[in-house]
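These notes open a run of structures that come right after.
After this come two complexes, each holding chain A, first together with chain B and then together with chain C.
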Partner chain A sequence: MKFLPLIWHSLTRKKLRASLTFLSIVVAFILFGFLCAINEALVGGVAVAGADRLIVRDKVSIINMMPVTYKEKMERIPGVQLATHQTWFGGIYQDPKNFFMQNPVEPEVFLKMFPEFALPKDQLKVWLATRDGAVVGRKTAERFGWKIGDKIPLMSPIWPKTDNTQVWTFTLVGIYDGAEKRTDTTALFFRYDYFDEARIWGKGTVGWYSIRVKDPARAAEVVRAVDAEFENSANETKTEPERAFVQAWASQIGDITLIVSTILAAVFFTLLLVTGNAMAQAVRERTGELGVLKAVGFTNGRVLTMVLSEACLMTVVAGTLGLGLGWMIISRGDPTGGLLPMFALPFHHLLTGFAIAVALGVASGILPALHAMTLGVAEALRRI
Partner chain B sequence: MAPLFNWLLQVSAITRFGLMSLPRRKGAVAATILGVAGVVAVLVGVLSIAAGFRRVLAMSGSPDVAIVLRSGADSEMVSGLTRQETRVISDAPGIARSARGSLASAELWVILDLPKRSTGTDANVPMRGVERNGLEVRPGVRVVEGRMFELGKNEVIVGRGAASSFQGLEVGKMIKVAHGQWLITGIFTANGGVSESEIWTDAHVLQEAYRRGDTFQSVYARLNSPGDFQTFKDALTSNPRLSVKVERQSDFYAGQSETMTRLITTLGVLIASLMAIGAVFGALNTMYGAVAARTREIATLRALGFGSAAILVSLMMESLALALAGGVVGAVVARLAFNNLQASTMNFQSFSQVVFAFKVTPDLLVRGVLWSAIIGLCGGIFPALRACRLPIATALREL
Partner chain C sequence: MNEPKPLAELRNVDKIFRRGSEDISVLRELDLDVRAGEFLALMGPSGSGKSTLLNLIGGLDQPTRGTVTISGENIATLPARRLADWRSRHIGFVFQLYNLLPTLTAEANVELPLLLTQLSKAERRRHVAVALEIVGLAHRHRHHPRQLSGGEQQRVGIARAIVTDPTFLLCDEPTGDLDRKAGDEILALLCALNRQGKTIIMVTHDPHASHAATRTIYLNKGQIADRPPE
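Right, the complex of A and B next:
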């Protein structure tokens, strides 16, 4: 520790070069944060999917509707604790660009099934008493500046109403928050009973079911039992754990993780060259001084440590700053305006980033440090 | 003329010195070139995804083909038309006719679950039911392997993109559609358009399999000429028995790609801009290094009478040359690595898979090299200014 001032002075010896290297590392780590957030936005749903929940959809196609009566049959299957359904509404708020999900649900069971949506008790009460009531997540409410009591018109191309109009107007009775920080709070939910009564076609059908199993360890049995129950019926089912469903969904978008890691690798390789080069230059210039240090009794090990710490100090300080800035920018939200509702940077990525900063310091400093260590005193002093 | 010529001579002499001394600064030079190459490769690579995606949807639209959906629907997925409505539409003025009647095809559009070849996980593959004239409506569609499906039978033809991206789509094999096994009789192409991601069959057979009753989702109509579009549209929108939306096929597909293109372009430019800032710092570092190493040399040149402007310009040229070299390397790498790379993704608007190939267009290559030039100029200007501002006496003393 007592050599810290010495390390600091060698680092800031060429201020301009040091600050340029410093800045490029900062930029690289802002980028790292960004790519992690993009990845998280596209495949992050996998991590938040409930381990004890299954998704049941029509075996032929996810766009086929299933009878609402399946619910009771599912609840009778051993191992099933709870079953509820949702349906894709696909409404448009003012402009198709303002996309967010809207589904009709059974309020009470729905909130039991998905405890990650935290709706205040009194708002649930109002919802149960308001037939055309809807609740929306904090993010979407803030996006459009909605307040409780507002009327929300949604144009639905899929679901015309019995009066042959396509605009459904809901009364906003509640705003839910995410129980966890990563919960997606963009969706709007409204009552299935109201929906079923007012739509012109498809009455008595739903889009898909969610099932909560009593014991996640025996989920596979329940999956088989559900599919067996509806075998040879008009709507055969395909049941799978929520996690598997979300995973498959994410991989439909493409192999994002691969693309992201390729870019990251390119960035860090470039960065390694820049920092490594700057360090090498710095050590070369100081050959004489290092010789003096050795002559006055610094051991080889100590010289090695000093040069390595110099490199690490640079990358760690710059890396931390970059991660911090990246985190601040990302916290301001989705840059694409609604396409990536889960755009956020979870803490564990910051830790990974920090570890990478240390590794980068070691990797870029090791060659110059070894060079400094093996330097012969006499030869080094000759260069003064 | 003579002073200008003299000045150019100075610039070229100093630039030559600079470039000849590059091998002495191998490490720094390589770092700069590779840094810029990285930026350009990533920029071009990411934008080529958007270009490829846009191209597929652009190739899909013909100006003399119109598509009719229920009003308010922004994709075939959410549209719905009854038999009566499709009949009225097929009789509208402006539609071309052949021996087999009006060139209109009422179509059904559903999704099939098929495993992706690359990941093995289920993907939403679009399946289209077409009427007898479905192929004549679209001039570019051709069966290239096997034969056309027979009407009324459980047979399908598969687009070339779908065949290469999803498992089990080969001529002669069976696939599971709804509750039965259907025979694949052929592979078709559609000028590289989005139809190549689809599976086609007879609309009436598909209606039964998916229990759709006698309803459709869209009508595709071939017009006599692109100019007849307005007549056709007016006739339909003013008809009180219909509530439909009429679009040219080309406009419709441009709209379909909008979300995806916006997503990729926003993120791509964002990432590349950040990388470019990093690369400017890298270039600045190299050039400051170059100037520092040659302080005495530059001072000597100035003492000999070389002008400041000549020194400034030649240092900028040197930086520009390094960055351009990086830009070209990056562009070549992107072209080799990404061009025609096949991928498939979810089209958010239609809720189904679109198969496309990355396209590294000449336009993108030029854009990448332009970025590298900007990086080079930004990275060269400050060191160059410093070099020609330093007092000669001070600089010469730095022996």
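Right, the complex of A and C next:
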């Protein structure tokens, strides 16, 4: 610690250069935070997907509806513990920009299938007693300032009602929270029986099924059994683990993780060159001073450590500040107005960022530090 | 009666520098004794090997051949790490251009050699205050080098050199960058330190400066000469 003021003064010797390098590192780490949050929002669902859940959809396309009667057949298949369904509603609240998912569901079975949605029991009771009742996640409720008892009008371009209107008005009877921090709490769910009765077309059909298997180790057998059950029917099925389904959904955009990693690699490589150059220049300019330190007794190893510490101090302080600023901005929520409901920067990404900052300091400082270490004292003093 | 053993003994010292394919012999079969409490002036023309000799005594460089024995220890063969440790305990350097770190205050500059010791912060502060008091700059301890005159900067340099109470004070042209008045003040300070028992070896071109020393030796073409070269 007693060397810290010396390291700090060496670092801030050329204030303009130090500030510019510092700023470039801060900006790079804000970008790192943002790209991690986008990656998390797009593929993070894969990590939270249930390991014991399967998704069953129409074999040709997910937009093809399937009979609601499949549910009973699925529940009879050995290895299936529970089955329920959802349907894409695609309603608009006031403005198309106010995007959030809305699906009709069977309340009780749905909540058993997805225990990550934590709805108070009294609110479930009211939901079961209210045909036009809906429950919404905490995030969306806070976003629009909704409270229980509010009427929520949604315009559905897909599902006109039997009264030839497109506006569906739901009574908000519950607000659920996420059982985990990473749970998406943006969706609105309402009752399938009300939906099926009130829509003009597609009655008796659903969008996709979720199945819970009794033994995740035997999920592959269940997948084959489900698809075999509906083979040669009007709606053949494609069954896959929920994780694979979410992965495939995200992959429609592209290999997001690869894209993000490539951009970050380019950013950090450039940063390595910028920081390394700044450090090399700083050491070159201080050759005489390093000679003085060695003359008064600083060993080569200590000089190496000091220059490396200088580089690490710069990257770690700037990197931490960048990560902190990024986290603060990201914590304000999804900047797209609903397209990235899981937009957040988990703690493990902050830790990764910190590790990158340390590695960047070592990598950018090692060559200048080795140069400083191997400088001959007499030779260095001649360069005053 | 036997004379006490010299503090520094150099025997058959050669120093050869290699410049490309050419070997340049800077010191040749040089023998020198320096006794404790001496104030020795090294004089000679440019390229005569004065600074190289000072560097060898100070452990900044090592001879190509020969031995450099200080307080009974041959430092010519010490590995770099032990040599650095040895320097921190035995040598205080005073440079012609002061060589202060510009971003540090006077007291922080003086404290530098003490960072290598086990002293606590309070103890370091105390030692620094004493050193600055000795050179008469206690009142300017918070000033940066750019806020000090050349003479004052050299005083800070001397305070840095004496703060660890080293065996030797090695001064390379300590008045070379100063006007006569400031130079005389520095010489007076060095004389005072010598009177208090400090062994000083000073390289200088200036005959006036050499008069402050208790002994003067001349170097010519890498060897000790009996009298000043013509």
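As a working rule, the second predicted complex is superposed on the first by the 382 of 384 C-alpha atoms of A that agree within 3 Å, B and C clash if a C-alpha of one lies under 4 Å from a C-alpha of the other, contacts with A are read in each partner's own complex, and residues count from 1 in each chain.
In this section, a contact is a pair of C-beta atoms (placed from the backbone, for glycine too) under 8 Å apart; a residue touches a chain by one contact, two chains touch by 3 or more.
Since we're looking at a predicted model, the values are computed, not measured.
In the superposition on chain A, A:F34 contacts chain B only, with no contact to chain C. The partner that reaches more residues of chain A, of the two candidates chain B and chain C, is B. Of the two partner chains, chain C is the only one that A:K2 touches; chain B does not reach it. With both structures placed on the common chain, the touch criterion links A:N64 to chain B but leaves chain C unconnected. Judged by the touch definition given at the top, the superposed model places A:A129 against neither chain B nor chain C.
Look at A:G297: by the touch rule set out above, it reaches chain C but stays clear of chain B.
Residue contacts after overlaying the shared chain place A:A217 against neither chain B nor chain C.
The touching residues of chain A, when paired with chain B in their complex, are 16-17, 20-21, 23-24, 27-28, 30-31, 34-35, 38, 60-64, 90, 92, 96, 99, 155-158, 166, 234, 236, 238, 247-248, 251-255, 263, 266-267, 269-271, 273-274, 276-278, 280-281, 335-336, 339-340.
Chain B meets chain A in the complex at residues 27-28, 30-31, 34-35, 38, 41-42, 46, 70, 72-74, 77-80, 110-113, 116, 118-119, 121-124, 177-179, 210-211, 259, 262-263, 266-267, 270-271, 274-275, 277-279, 281-282, 284-285, 288-289, 343-346, 348, 351, 353. Every residue of chain A that touches chain C in the complex is listed here, in rising order: 2-3, 5-6, 9-10, 12-13, 288-289, 291-301, 376-378, 381, 384. Taken in their complex, chain C has these residues touching chain A: 55, 58, 60-61, 80-81, 84-85, 87-89, 91, 93, 95, 97, 99, 101-104, 108, 112-113, 115-116, 121, 160.
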